[in-house]
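What follows is a pair of complexes built around subunit A, which joins subunit B in one and subunit C in the other.
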Partner chain A sequence: MDNDLTLAPLGRSGWTAGAAALLRAVARDPWFITLLILAVPALYWTASGTTPVAVERLWYWWPALMRGLGMNVQISLLAMTLGTMLGLVVGAISLSPLAPLRALTRAYVLAFRNAPILVLVYFTTYVFPFEVPVAGWVLPFPDWIKVVIGLALPASANVAEIFRGAVQSIPAAQWEAAHSLGFARTQIFRMVILPQCLRRMLAPWMNLYASITMSTALASLVGVHDLVDTATVASNTVARTDFTILIYFTLLALFFAYCYPISRLTRYLERRHARH
Partner chain B sequence: MPDTDSLVRLSNVHLAFGDTPVLNGIDISVRRGEAVSIIGPSGSGKSTILRCITGLLRPQQGGIRVGDVDVQALRRERDLIALRKRVGFVFQQYNLFPHMSVLENLVAAPIKVGGVPRARALARAHALLARVHMEHKAGAYPGELSGGQQQRVAIARALALEPELMLFDEVTSALDPEMVGEVLTVIRDLVSDGLTCVLVTHEMRFAEEVSDTVYFTEAGRIVESGPPAQLFGAPRNERTGAFLQRAAGGVPARRRSDPFDSLFSFDPLRLAV
Partner chain C sequence: MTESLLEGWVAFARPFGLNYAFVLDAGERVAFVRGLWVTLQLCAASIPVSLVFGVLIAAGLTSGRAWLTRPLTALVELTRNTPTLVQLYCAFLVLNMLISQKLEGGNPITPFMWVVLVVALHKAVFHAEALRAGIEAVPGVTLEAARSLAFSRGEILWRVQLPLALRFALPALVNNLVDLVKMTAIASAIAVGDVTYESIMIWSQRDNVLELLLLILLYFGLLTWVVSVAGRWLENRLRMPGYGQ
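Let's turn to the complex of A and B:
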């Protein structure tokens, strides 16, 4: 495979060699191969005019599916943002020297880590009002935001645990060494402990992100028009067995395409962390 | 020994962890410019003594003075910080900050604690690295260094605040034998430069060679103290004699070997790795 480079005539410019290397790298890229596998039959069907009905219908529903996926991405991003902010606060309180505060955060973490996420999603959807009166105005409280909260609660409990675990995993000797150099407690936390924690937190945080993203599929059960909901509507509308099979395979592929890069990135960060 | 020019003075220091007594009345005096070694069996409270001097541990009873500062009376964080700026501490396990490069490890405290301008802190850090023969590793991270190299960086880091007193807590105990020499060489240089040093050590030969005074501790008490020639040559207390005999016979070879032998020793297995 490398032969065409090693046997290249000496006169060949570096630009051509670079382009060849880039082409080979692209040819080995799994995403490119996937696109190719999809494009070949698509071109054949278009050229010969023999596109199967199920594929034609999928093409018709594709924009709706993408809008649905956009909703899943939106919910996962917001839930993780909210969950992380809340989780860091809870995690910080769980390290407090005051025992009652620690007990409170302990209860919070236990409650939301041990509740099925589906139950929490139902909980926030049906316990919270569908609109909130604020100073004479009536603000709508849409279902997808309730799902964001329903997912942010278990996310925050997990982030709190990840944070607490990371802080406590820093050896006490680091505190002692920093104290001996005259650092103040707040400086030690900010300059010595926290930076080391962030590295340790990154991989588990990304794992949580992937897991919360997959849980966004539950939004379809409370009437949010997400990817799963769109697929169900399409399947019922088209009412063809081959289309139903095709669209649920497409669903799997789309969730995979979103979550797999996250877990790949996690593994890469874990390897990099192991080196330092 | 005149009290007036003593830099460190511990009198009748008692400390217990819970119900376990660790120090049972320690009296130590270190004069300015003096090198003092504390030897004794493991668990005799040697490291605890050092931690008390720099306020990392607070004894239940007794007096500790560093210069004209009463360490026992320090309650506010900023007073403890003022003390620790004057006292350098080197740990058995180096305890460098793993997320900072060697250079960052050296300039963090001068900049953030000492208020030294960054450019001056950097210049001083490079000079210190040269002093411990580590200037070629300024950009490296602690995880990329050998134990001996990390310990030399740790010594430079402790020196970065220009302390008037250095405390060394079994700084060679965690090292592979062939790295002990390079670290002891650095300490030997500091002592001969006249820096006041207190060493807790298991390196008997080294203690004998560099110290002005040696203290032998056992079970949280000073059993015997004196100039090294007397303490090692003709110990007055039979427990000191027994300990020195054990130390000479029963411990691993590296404790007894001359540091310079190991400095030039060659281990083909290490090259293979």
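Let's turn to the complex of A and C:
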């Protein structure tokens, strides 16, 4: 009875307090603030019909910019997929007991980690042919796929290092313990080592993904119609000082909006991993 | 003497399918060597600038003053999460244009300086992160000891924290500098005549992309090797018994 009396008002005030807390949290959320900063002037301009010309032009170019960003994302995802597959193979070979094989992967990793990515992108763009004959057919070999390969090479070298580091970070005693329990080498690898490695690899792998995504901006230098290229074309077409300022800083903001959440997530994973 | 050496080299490379005939053309050879020299200058200029900025940003980040750390944190996040090329465009195509308009043509900042500035600032952020970790790793008792000896805040930073942080962060700093050397290749995007740009000029005249790219990769390999050897030498030189590895 006593309980009921105290619970009822507490429940209501708890609800309002909860709603207030939620509102405060939303109001402090950086994404919400960003949205507000963007939406308020936009609403004001549409309502009063005084949209600045530069903003109007930006709105006009927005679909093209988004298509460009799509190209960047597409290149980065494909390059990372290819790089991861290649890198895991190279990383696995670099753990082999055969010294010549290890030396070979060492050279591969060194070569592709020490080469500027821009030079690798030029390399794949200009050295590969623009079409490839496959069994009587002539398939086009578009520039953006060459950029994918140019980015996948350094990505694979880095994935190989991440993989090697993760496997070697597992204490050798675990191998011995699993051996003594009668596991075979492949079983130990699959059931003991790999599950732990995957967790350790996730954060550096995502770091690498963010860095590869930023490198996709280089695609514009070899004529791929990506976000940076679209922005340059837009700035040259409109040819207004205020629009040029606006579009290049929009470019910066778009890349930031894509890469910053990834880096936050990476840091969160790193912290969580550090606790284990 | 040089001429015959170069001819010998061209003849040596030909059986491998590599056509290095451009070195026999005086104009192109001079352009390529100038490109090598400009890349070296870019590295030599941006390495010290990046280190100075890195120390300043690290000092600001660890100062504990909100009006200093907040904007610096924002700068760090912005720099880390946007492509260097876009930063270079924002600096060169936007800021440089505004400065040129303000000064009506008499802009003293060359594209070379913009590349140095952007690349150095980009890497300075990474230096700062490494140095900050080093500064925070300095044991509390060491700081207490320094304070009890009446060191001021600045003196503690300069004479106690930074020397220790430098040793702690050196491997990361060398890694960043290797990255910086590779990053100077983006100078070609705004037509600074570095080795990549001069090579593009040469290979658009002749069809020798592969040959030039191999040379560029070798050159960057050499530069990064020099940086990492220097780093390792410095690491050994600065090693203090009982601190770090």
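Just so we're on the same page, the second predicted complex is superposed on the first by the 252 of 276 C-alpha atoms of A that agree within 3 Å, B and C clash if a C-alpha of one lies under 4 Å from a C-alpha of the other, contacts with A are read in each partner's own complex, and residues count from 1 in each chain.
Quick note on the criterion: contacts are C-beta pairs under 8 Å (C-beta built on N, C-alpha and C of every residue); 3 or more make two chains touch, one makes a residue touch a chain.
All figures in this text were calculated on a predicted structure; none of them were measured in a lab.
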Do subunit B and subunit C fit side by side on subunit A after the overlay, or clash?
fit
Let me test your reading of the model: by the given contact rule, A:256 touches which partner, first (subunit B), second (subunit C), both or neither?
second
Which of subunit B and subunit C A:192 touches, first, second, both or neither:
first
Is the number of subunit A residues in contact higher for subunit B or for subunit C?
C
Partner chain(s) touched by A:168 [first = subunit B, second = subunit C, both, neither]
neither
Once chain A of both complexes is superposed, is A:248 in touch with subunit B (first), subunit C (second), both, or neither?
second
In the superposed arrangement, does A:16 touch subunit B (first), subunit C (second), both or neither?
neither
Which partner does A:235 contact after superposing on A: first (subunit B), second (subunit C), both, neither?
second
Contact-wise, after the overlay, does A:81 reach subunit B, subunit C, both or neither (first, second, both, neither)?
neither
Return first, second, both or neither, reflecting whether A:34 touches subunit B, subunit C, both chains, or no partner chain.
neither
Please provide the least distance in Å between a C-alpha atom of subunit B and a C-alpha atom of subunit C in the combined superposition.
20
Subunit A residues touching subunit B - in the complex, by the definition given at the top
171, 173-174, 176-185, 187, 191-192, 195-196, 199, 275-276
Under the definition above, what is the set of subunit A residues touching subunit C in their complex?
111, 114-119, 122-123, 126-127, 210, 214-218, 220-221, 228, 231-232, 235, 241, 244-245, 248-249, 251-252, 255-256, 259-260, 263
Subunit A-facing residues of subunit C, complex
77-78, 80-87, 89-90, 93-94, 97-98, 101, 178, 182-186, 188-189, 196, 200, 203, 209-210, 213, 216-217, 220-221, 224-225
Residue ranges of subunit B touching subunit A (in the complex, touch as defined)
54, 56, 77-78, 81-82, 84-85, 87-89, 91, 93, 95-99, 108-109, 112-114, 141, 143, 157-158, 161
